[in-house]
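Both complexes below contain chain A, partnered by chain B and then by chain C.
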Partner chain A sequence: MTTQIPLVTLSDDQRDCYQELTNVAMGQAADRLARLLDHYVVLPIPRVNLIEISDLRMAIEGARDGDAISAVCQGFIGNGIAGEALLLFNDTSYTDLARLAQYPAKLTHQDQLEMLMDISSLLIGACIQGIGEQLEIHFNQGHPVILGQHCDLKDILNVSHQKWRRTLAIEIHYTMEAVNVNCDLLLLFTEDSVQRLNKKIDYLLD
Partner chain B sequence: MPNSNIDMGDIHWLMDILQNIDTGLVVLDKDYNIQLWNGFMDSHSGISPQLAKGRNLFKLFPDIPEQWFRQKAEPVFQLRTRTFTIWEQRPHLFHFKNYRPITGRATSMYQNTAIIPLESIDRSINHICVIIYDVTDAALAQQELHHQQQEIAKLTCVDHHTGLMALSAWQHQSARELAQCHRAPTPSTIAIMDLTGVNQLDDASLACVFGIVSRALRHTDMATLLDPNHLAVMLPASADSDVRFFIERIRKSISRKIPTLSQQHLATGIAQANPDFSHLNDWLQAAQHAMQQARQQQAEWISVHSSAAE
Partner chain C sequence: MATNVLICDDSSFARKQMARAIPLGWEVEIHFASDGLEGLEAIRQGKGEVVFLDLTMPNLDGYGVLEHIRREDLPAMVVVVSGDIQPDAQARVMNLGAMAFIKKPIDSAKTEAVLTEYGIMTKA
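Right, the complex of A and B next:
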């Protein structure tokens, strides 16, 4: 089936449109995070790219930046468009985030998990719903899955299952002012979803 | 369906679905009073919908941690976002029996929950719906897998010759401990013991020393053989003074078991991690340096590295 789908392409207009959609959605997400933590969240510029599976690993390695990370992923599907949101959370962020979220200063493993789930519910949920609203798609979300703490992501991104060659990735890097909190949100769509999404985008562009 | 309006007949079978679906559905208002309680909840809790309706969730189920649940539910009301909880956070929200009470391995049901906002006609959020999924089988399988992985990891990091931890695994763990110390200062300590004297005896004595050390370790402590003449122990969350006591105890046991070995053959250096150590080697060097001092001073045969001397 994969061979029948032509390789995904993206025109400049489409790219701009995706970027604009994401801007609106993540603005909502950042607003919610800021309200939850009562702290200013720096609004980043999302990066929209077509990536190969090998690039994905590089993107994730880049996000790790040598530090240990914790990762949560959550699948979403609606109107035949499916994908996964991946939240990569730098382990050095826990201390400052705990202070903002009013968690105890000495974090147990359990507290870290709670915090990770709270943040990911918020950011992933707001982003996906935000994009969905603009495209008039109701996305269903699966349950979040903890990919692990201090994990090795090569096991998750199993290259041997060549299920896709190239796909759409939206990368958002959240940081907060004056505190050491940073996390990356990656929205990845399946190859066949991109075709459908592009059609919706073209409709918006016309 | 040509007419999209739902008539009474449709409501009838919609209610049937709500009652029979094998997933828990609970609708709560802003004061956490139960507004809907489906068949799944009825069967598993033994509380009928008539009894549950209008009752406060936290009063009806005092074992639900109120603050925790509010923390998950408030964003749903205020931010219109969905939130999720998974069994890793808390095995269950409602304490229900396992669906397989006879052949199942768990006594209670593991649950994932999703909390979704419900919009009123005026678009405000006055109600939320808590959806409860039974994930017992997945949770047990996951736990079993995790347990097996840990066992395998344990097997690969044991040095079968000494029964202590393999050096590479020990170095890895100690480096992590040092990194942890950089983030939040916890007093972890390394002790290095000189085994030259024991090596001059027979292999049985050496095995005896390893046995004594292994038994003396707490669950989180780690010992390894740095080289044939040096034993290193890493004790997380222990100050150097505690470790000194620990080493004295080990040395007493050893000299009791092997009387030919006088204490002087077990010179020990102790170094507590401090943020000045940028690399594991710095920490090891500090402990080794202290061990040399212990050998030279000879008074107590134990020397503690002091960070002020650096």
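Right, the complex of A and C next:
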């Protein structure tokens, strides 16, 4: 007999709480990016949803099929809560980002890789730690892995995240003011983590 | 007389956190608004002598609220409470007439320090 994991649920209050915690964490991440590039980062309202992994593509706002993207993923774990952060970086962003980061106009493959890793470790690290601090969870982060460079969204999503059915997804669509830089940060939690996370959230809501 | 305090934030969790962070012993009547438009309306009705204002909100954001307060010359002392802690965001709201800026997550120590520093809070 197979054990059935009960399907995770999300109430309006819980969603609101996740959104607010994310709001604070992504603000800290944006602040670090803004100081690094000396440029204002536009903060959206984060989207929090329970999604079927098969629908992940539809849940992503910024990157669309056909756009060339580069993607990095990084696992995190702490207090029995585990998940994966996925940064989808729109390749059209390299030009303006290079200018802000004072890279030479003609970018080598190595330059692009370096920028991608810098941005992703900064945004992922600050977001994960920001959420962790508020929930009193110390997250350990795994090594970042490049899922692909200059490829299509559907190819990225095909190679990753086959593990879960239905999960909690937090999506932050970062853009920068008056320049063409945009990327999506997705935080995906494992199904059994969501139960524990919800308990922590309920405690805050109490 | 109790001070009319308005908490304007689109998150009900954040509104609750803010209400809890209001120092004990400050005689206040607390009002709530869940976006900028509601907040502005409450300020026009005199419910926001002191306003704790979030920035990222639907319909009308915190910057918009500050602009309206200035344009209509509304009597409101605004403390911005935001997760957007970029230097630019702080400079912008101060330029728009906010009295102070508190970084989220909010707590009562931060709130009391700011309220005392700017002479906003008058304890009974």
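Note that in this section the second predicted complex is superposed on the first by the 187 of 206 C-alpha atoms of A that agree within 3 Å, B and C clash if a C-alpha of one lies under 4 Å from a C-alpha of the other, contacts with A are read in each partner's own complex, and residues count from 1 in each chain.
Keep this in mind: a residue touches a chain if its C-beta (ideal position, glycine included) is under 8 Å from a C-beta of that chain, and two chains touch if they have at least 3 such contacts.
Keep in mind it's a predicted model, so treat the numbers as computed, not measured.
Colleague: For the combined arrangement obtained by superposing on chain A, do chain B and chain C clash, or do they fit?
Modeller: Once both complexes are aligned on chain A, chain B and chain C fit side by side.
Colleague: What is the contact status of A:98 with respect to chain B (first) and chain C (second): first, second, both, or neither?
Modeller: Neither partner.
Colleague: Contacts for A:135 in the overlay, against chain B (first) and chain C (second): which applies, first, second, both or neither?
Modeller: Touch status of A:135: no partner.
Colleague: Go through the superposed model and pick first if A:82 touches only chain B, second if only chain C, both, or neither.
Modeller: In the superposition, A:82 contacts neither chain B nor chain C.
Colleague: Contact-wise, after the overlay, does A:53 reach chain B, chain C, both or neither (first, second, both, neither)?
Modeller: neither
Colleague: For A:179, decide between first (touching chain B), second (touching chain C), both and neither.
Modeller: A:179: touches no partner chain.
Colleague: On the A-aligned overlay, A:26 touches which partner chain: chain B = first, chain C = second, or both, or neither?
Modeller: second
Colleague: In the overlaid three-chain picture, which partner chain does A:17 touch, first (chain B) or second (chain C), both, or neither?
Modeller: A:17 sits against chain C, while chain B stays out of touch.
Colleague: Who does A:125 touch here: chain B (first), chain C (second), both, or neither?
Modeller: A:125: touches chain B, not chain C.
Colleague: Can A:34 be said to touch chain B (first), chain C (second), both, or neither?
Modeller: After superposition on chain A, A:34 lies in contact with chain C alone.
Colleague: Across all Cα pairs of chain B and chain C, what is the smallest distance in the superposition, given in whole Å?
Modeller: 13
Colleague: Do any residues of chain A touch both chain B and chain C, and if so, which are they?
Modeller: Residues 35, which sit in both footprints.
Colleague: Per the contact definition, I'd like the list of chain B residues that touch chain A in the complex.
Modeller: Listed in rising order, the residues are 68, 71-72, 75, 78-79, 81-86, 88-89, 112, 114, 133, 183-184.
Colleague: Going by the contact rule at the top, pick out the chain A residues touching chain C in the complex.
Modeller: Within the complex, chain A contacts chain C at residues 13, 16-17, 19-20, 23-28, 30-31, 34-35, 40-41, 43-45, 134, 204-205.
Colleague: Using the touch definition up top, name the residues of chain C that touch chain A in the complex.
Modeller: Touch residues, chain C against chain A: 10-14, 56, 58, 82-89, 104-105.
Colleague: Going by the contact rule at the top, pick out the chain A residues touching chain B in the complex.
Modeller: Residues of chain A touching chain B: 32, 35-36, 74, 92, 95, 106, 110, 113-114, 117-118, 121-122, 125-126, 129, 141, 143-146.
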